[in-house]
Amino acid sequence: MLIARVVGSVVSTQKNGKLEGAKLLLAQPLDLDGQDRGPAVMAIDAVDAGVGDRVLLVLDGKAAMMALDRGLAGVDAAIVGIVDSVEIAG
Amino acid sequence: MLIARVVGSVVSTQKNGKLEGAKLLLAQPLDLDGQDRGPAVMAIDAVDAGVGDRVLLVLDGKAAMMALDRGLAGVDAAIVGIVDSVEIAG
Amino acid sequence: MLIARVVGSVVSTQKNGKLEGAKLLLAQPLDLDGQDRGPAVMAIDAVDAGVGDRVLLVLDGKAAMMALDRGLAGVDAAIVGIVDSVEIAG
Amino acid sequence: MLIARVVGSVVSTQKNGKLEGAKLLLAQPLDLDGQDRGPAVMAIDAVDAGVGDRVLLVLDGKAAMMALDRGLAGVDAAIVGIVDSVEIAG
Amino acid sequence: MLIARVVGSVVSTQKNGKLEGAKLLLAQPLDLDGQDRGPAVMAIDAVDAGVGDRVLLVLDGKAAMMALDRGLAGVDAAIVGIVDSVEIAG
């Protein structure tokens, strides 16, 4: 799991039936200093996140699909939590 | 999931029986500015995409196989949607 | 699996119900010389680890979820052991 | 899935029983120009490929194992097709 | 799967119960010239390998766990064979 910031969204009308109703967000992974780290990915929202939120991003098909309530398929990334705070030692 | 552009296709006659009839497309991942990002991958089409389309690309075996209607195996990437629009915050 | 050091923790109140009660730690992968290697990741603690511990970090959804006692979902990384010692040949 | 070229083979007598009889090939991933891209990987042959063949390479445990007819385990990569031709747009 | 050399071992007393008795080895992936390639990883030994052996390394949770005889969990890498020889074409 990575800490990421929601930076946008994607609209897709013509999509696999198993993705109907899924909310597609763009999540930019962050490093421990809160800076962008690597490229953004698309993830299904499982926690009612919005643009600007700092979130928990899961990158694994099985894990992402199990986090979603519906019988979604074709999902390899999900947003599963909103980050309240990050505590770094030292 | 990544945003990608379909840039080509692959023909394979001698292939695993479980892939019979699968449409093999080459998908080039894009960054948020629409530029190429990393190398292209091969993916099974699950949404009737064509060359030039901007698509949702799933990179995970279980997720890709679940998105496909048939009992496919040996698939680790699928195209599961056509992108209508991408909205980037700020 | 990687050797990592626990460097912090994350608090998330609004999260997927299947993650309730999970302890979210930040783990920094290490190379064989004990130096940081690549970016830190977030992992669920399955072994009662704490900040400063050198740990066994699993990065795989199925493996991480199977290591956890509860019916967790949405997990792609887990801390499954505390490292006592590392022996390098030669 | 990636396009790769078979560049060699590996012999392993003392191996996990579930891999008995598996043909181990070395596959070098290629970019769209047919040039080497990244390091070679070892994959189980599921389509009777040989050295020099341009092939479809699957990199995912579940996908690779489902492509193989026998009850193989411990496999995270498989060669599932021979490439006849690649068509790149534009 | 990658070719790797066993370069060390890890001792962990306090670990997830499902890992009891597992032998933890450090495996350094090699390129086709036998040189180190990328960082070492920790893997469960499924084939009685020892330090100095050149081995088959599987990097996938499901594949690694299926290769192990016991009901292990929390494993994302396994050593599944000893390499006798590698033949590179040309």
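All chains are identified by letter, namely A, B, C, D and E, in their written order; residue positions are counted from 1 within each chain.
Simple rule for what comes next: a residue touches a chain if its C-beta (ideal position, glycine included) is under 8 Å from a C-beta of that chain, and two chains touch if they have at least 3 such contacts.
It should be emphasised that the depicted structure is a prediction, and the values quoted were computed from it without experimental measurement.
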Contact-graph separation of chain B and chain C, given in steps at minimum: 2
Fraction-based call for chain E against chain D, same above half, different below: different
Between chain A and chain C, centroid-to-centroid distance (C-alpha), Å: 19
Intercentroid distance (Cα basis), chain E paired with chain A, Å: 31
Chain D: positions in contact with at least two other chains: 60-62, 64
Ring of chains, enumerated from chain C in the sense that reaches chain E first: C, E, D, B, A
Residue ranges of chain C touching chain E (in the complex, touch as defined): 1-3, 31-32, 37, 46-48, 56, 58-64, 66-67, 78, 80-90
Partner chain A, residues of chain C touching it in the complex: 6-16, 18-19, 24, 26, 39-44, 51-52, 60-62, 64-65, 73-77
